[in-house]
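Note that the chains take the letters A, B, C and D in the order they are written out, and that residue 1 is the start of every chain.
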Amino acid sequence: MLRDYMGVILLNEDESNIRSLTLNRPIASIPIFGRYRVIDFVLSNMVNSGITNVGIFVERNSRSLVDHIGTGKPWDLNRKIDGLFIFNHTLKRLVQEDVNAFKYNMEYFFRSKKEKVVLSRSRMICNINLEEIAQEHERSGADVTIVYKKVNNDEMFLNCEVLNIENGKVIGVGKNLGMGDTINVSMEIFFMSKEFLIQAIYKCMQEGICSSVMEYVYKHVRNHDVRVYEFKGYLGCINSVSSYYKVSMDFLNQDVMQELCSKNGNIYTKSYDSPPTKYLNGCSITNSIIASGSIIKGLVSNSIIGRRVIIEEGAEVIDSIVFSRCIIGKNVKLKNVILDKNVIIEDDKVLIGDNKYPIVIEKGSRIHL
Amino acid sequence: MRKKEIIAMVLAGGQGTRLKSLTKNNAKPAVPFGGKYRIIDFVLSNCANSDIDTVGVLTQYQPLILNAHIGIGMTWDLDRKFGGVRILPPYQHEAGGNWYKGTADAIYQNMNYIDYYNPEYVLVLSGDHIYKMDYNLMLDYHKEKNADCTIAVIEVPIEEASRFGIMNTHEDGRIYEFEEKPKKPKSNLASMGIYIFNWNKLKHFLKEDQKDPTSSNDFGKNVIPRMLKEGAKLYAYKFEGYWKDVGTVESYWEANMDLLKEDCQLDLYEGVSKIYAVDYSLPPQYIGPEAAVENSMIVDGCTVYGEVRNSIISRGVFIGKNAVVKDSVILQDAKIEDGAVVLKSIVGNGARIREGVTVGNGKEIVLIPEKKDVKENILEG
Amino acid sequence: MRKKEIIAMVLAGGQGTRLKSLTKNNAKPAVPFGGKYRIIDFVLSNCANSDIDTVGVLTQYQPLILNAHIGIGMTWDLDRKFGGVRILPPYQHEAGGNWYKGTADAIYQNMNYIDYYNPEYVLVLSGDHIYKMDYNLMLDYHKEKNADCTIAVIEVPIEEASRFGIMNTHEDGRIYEFEEKPKKPKSNLASMGIYIFNWNKLKHFLKEDQKDPTSSNDFGKNVIPRMLKEGAKLYAYKFEGYWKDVGTVESYWEANMDLLKEDCQLDLYEGVSKIYAVDYSLPPQYIGPEAAVENSMIVDGCTVYGEVRNSIISRGVFIGKNAVVKDSVILQDAKIEDGAVVLKSIVGNGARIREGVTVGNGKEIVLIPEKKDVKENILEG
Amino acid sequence: MLRDYMGVILLNEDESNIRSLTLNRPIASIPIFGRYRVIDFVLSNMVNSGITNVGIFVERNSRSLVDHIGTGKPWDLNRKIDGLFIFNHTLKRLVQEDVNAFKYNMEYFFRSKKEKVVLSRSRMICNINLEEIAQEHERSGADVTIVYKKVNNDEMFLNCEVLNIENGKVIGVGKNLGMGDTINVSMEIFFMSKEFLIQAIYKCMQEGICSSVMEYVYKHVRNHDVRVYEFKGYLGCINSVSSYYKVSMDFLNQDVMQELCSKNGNIYTKSYDSPPTKYLNGCSITNSIIASGSIIKGLVSNSIIGRRVIIEEGAEVIDSIVFSRCIIGKNVKLKNVILDKNVIIEDDKVLIGDNKYPIVIEKGSRIHL
């Protein structure tokens, strides 16, 4: 149990290729796999490893994130001692603009009894045993341990940081521009002492060069003892609309789904108290994921359906992702489409996207003839 | 300390032997129902939706699962600082301790608990009924009638009335007689086992009841008749809607099947008065490439490769390729392996129906006990 | 479901008859202490401060106040979704039910509860000791020694050792003998009644103990001796700091007075490991125009017009003009009226000492029962 | 029990005369009476009347307010159904600047099942039975019922709204400029239907004249049926430093204290788990209020002492208010002083203010020779 660690989740993530899903939310609160949001994975990984103190730094006051996280009850983080803290200023902005707010957040670090920190972003989707890495990190005596995975260089990890590793140490960090066969992609999970984190923040402030602690570590791998831990499980990266679609479709693979949802502990999420899903006479479902509370009368194939979706008779939903509370009218045909929350597709409408670049329909839209 | 206007006491003590193996290791109110619920979720959700935030659950039989299920009451918004849900088993006092004798005795032994909140009214509920009800409307009626006790009743077909406790009332709703399972029923108003009492009045009659050594300390058998005899004002509150006592294997199965009816009066899908259930943080359900699902309810954590028709599938159930599940209730974590056939059965939690094995005959209900490993056909109940 | 590394079981069952009227309507762990605490607050806070978030409280005697006090555990951060604090009274199972016979039996009867969390270690605590301890350090020691059971011990003056359960150990801390109140103690290491067990080992020995019909199913008398006899690895963990068993009226009074000592080892004022107490939302304390207060502790909700010296004043206490309270412990909501004199006494909650009445003689301790209306002098205990 | 009401607390209160106590907090979170904050009174009044849904509208993201309110546990408002909602935009700013954020807040009103609203500010300190007023409001059939108190016109209520009442109806609303003997001061507690509130908000938006719903009601008393309810208990107004001081000193009167803290229900506040207050040999306390966790060796007279304050030997604190965690050194003399949180006064220092305009020492200051 990581009794001596605090978790810090940084949500100033690059949204440039996933704008259509982040119009009114950060990447962290994009709905995924029917019943989750992106941040559920990193939060649950932390909680499952015994972390009871998590600080979330988010750039803007995100209503959807705050709504989702609430008081932290689903993660058992609604605590009096430790618990969950949401800070509406990122380190990035702090350094550049707002030393006062930053000072406040320092208090948060000083106040905690915990001596070590796991720093993470949310976009790397995995189910990982952090206890194992902490043991490795402590045994090695490294200043920082970064978790990475050796991956085939597909589009999913475009623009991610790539670690140049020699004898278990990081000797350089680059950006993945899509060249090279296999790369060591940084999973953006860092283990370090609180002391190191505080010093790094001070240096960021003083020097004014790095805008985040992660950037600071990446840039100074030669000045510190920065080591790595190799992760061998499934890794998805929510980096762009097409990587979001790819990760979602990966989830239809039962091995991936079982690993992601339960390998090292369950993934917790806000409960909406939805009733069971009701399948009516005449429906036809194949190779699909369905969340609770939906009512299905039509055909669903190779798709992911969120909570309380209604799919009417004669409708066909193929290779698509439907967020919660959508209504899909009679005889509608959808293929390679992502419907954001509360979308209504009226009867007989047909939408067909590309299998790599699906069509995204904005939250609350009403598509009619 | 704030006074509470009304608090609820849920009678959850019954061993429920008529539910056979479903209650072997489990109190009756904690028996799973409708795929994602346990029976007691209905009354607890009704309380939450009626703004009743202080609920005592009276139990003495196998409370472990019930305890774990209720937890601190978070699911029903009953994790309150003052009030909330509390499980109340028997305890010892200076003069020793006793197990609960009857329903009225259970309340009697917890008078201190009730007095602590000093409520005007006490709502007495059964933990094993399936229904949705706004208790506030009943309370309004109780106040309007200026009653000492109001009993919720439901109209049943007169030919079935002799199976119920029947309330005979005057035109204004006042009860003048209570008959337990009358041979010749005078009315078709069956007691739903839902009572609102003025706490002061109830206290008086509970004490009287305790003094009577011949009493079995039961509400229906003793307390209500005594109140009537002594001229207390009892009124019947007519409820319209779905209500079912799931006391037997048959009624349990029927109530599950009711949920699948197109015209089911118990609407789980409306968003205002939800039935809350514990969230087990399972992945969403997966329906495989060759599955066929029809007129069924399935919940989180299920994996379906085979055929499911007219059935209720609980969390974590696995249904293999070419397996057939029809007219059945499959409880959590059961495994129906490839090619197995399950007809009109209730499969207990964690049970395993091996490859190719057939369970049930489609006529009478077959009950497979929890964790049973079924290696050979079981064609009769 | 996450596994828990360690869970705590608090033995809170004792009627505590040696505390006389303090436990008349109240389990011993729920007796008020130190002005704003109840005795059990100390172990519950220790658990919270040691990151132990799953605590079972074993009780069967007068649990109402204990129940109301613990609530859902919010005060100690034990209102957890998975785990948290749970009060565990005896219950009925298929074969009937029994009250707890001894401390070990109480744990035995709740094996299912413990197994539900499947912990590596079980910490067994007493609900009636006053101390601050980081159980993690003891757990580290337990792991380091690779022990089956670790028992916390404290050095007592050798002349007092025969009043305690004494652990005789080898140099490395391994216990080779346990003597209950030995006439000729071989060591001065007294058991504090704090045990860490490997759960698997404990389970084994609890089952063995149950098989023995002559056993009184007690940890100290039966289980520990049996473990020693069968060669299990028991280690003593030396604790340094304040520790007090408040089992008698004298020790209860002493422990309260200890808090007033300048050099009290039990520091309530440091901010890291706080002792948490239920907040009753009372106004701050008011000290009147002619009051005199010295070397005393006073809490929220008190009103002091008179003289208070060397005393502990609990919430909601009223001390009238020209009243004198000296060397005393006044429990909540007691009223010391104008001109009354209270010397070396424990005044029960809600008691009333009428105008001008004197209680106590300043030598032996006088105990005024709760809610007692004292109209005449009571000079002896 | 006000089952059918939602509570709405508006915190865009006039701070112009109380700046020294609101440098880093709104009026609502000024500490008061040793253990409370200003907002505890209105919140507890609402909760004690059975309200389970409270929305707090605050102009800036106030850390101290959010810290204090937390998840609402002390008020038993950490609920799943209903509960506590904090909105970081006031109606004022919404109308003038931010229609989007406003739209969001409308959702909050629409989503709730409650049909009626109690609207209030925080600065009017009282312990009031809202159930009684609701009954009166419903019986009368008024559009709006405003609570008022007939007061002697002292400085405490300067700049407050004054109601001109005829036959139980408001026929005009003015501002108290300090003239007139007795006035009917508005206690800024409004009862209305949710429907009325929503319509009023729409009208504010459309017309662009009124910046708040309260202002709207005040300006349109002749267009609607606006009635009053007279409150006869103790009322204090936190309007300026001197009114804050006056209200605090009133609290030393035991009748006022008992009424404010318990008349219609207790006042709830965040618990800090402070130990009992310890009075050492040689201390001397007269006519004072002391919160928990303090250690007192010196003299305290006619004063209010917060939590975990240390008063050293020989120190004298007279007619003063000391917020929590202050340290007052040996032989210090304080008279007519307000020390904000965490102030350290070093040994032998003397501070004497005016009995109407006390000296305010800023949070975290260190006063030395």
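Definition applied: a residue touches a chain if its C-beta (ideal position, glycine included) is under 8 Å from a C-beta of that chain, and two chains touch if they have at least 3 such contacts.
This one's a predicted model, so the numbers in the text were calculated from it and none came from an experiment.
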Centroid comparison with chain A (C-alpha atoms), farthest chain: C
Interface with more contacting C-beta pairs, comparing B-D to A-B: A-B
Geometric centre distance via CA averages, chain D-chain C, whole Å: 40
Distance between the centres, which are taken as Cα means, of chain D and chain B, whole angstrom: 46
Overlap residues in chain C, where contacts from two or more other chains coincide: 74, 79-81
Touching two or more other chains - residue numbers and ranges from chain D: 73-74, 78, 266
Touching residues on chain D, where the partner in the complex is chain C: 33-35, 73-74, 252, 254, 257-258, 260-262, 266-269, 271, 273, 275-293, 295, 300, 304
Interface residues, chain C side, partner chain A - complex: 1-2, 5, 48-49, 51, 53, 74, 77, 79-83, 136, 272
Touching residues (chain side chain D, partner chain A) in the complex: 61, 63, 71, 78, 88, 104
Sites on chain C touched by chain D in the complex: 34-36, 74-75, 268-269, 274-277, 279-300, 303, 308, 312
Touching residues (chain side chain B, partner chain C) in the complex: 24, 59-64, 67-68, 71-74, 79-81, 84, 86, 89-94, 97, 99, 112-113, 116
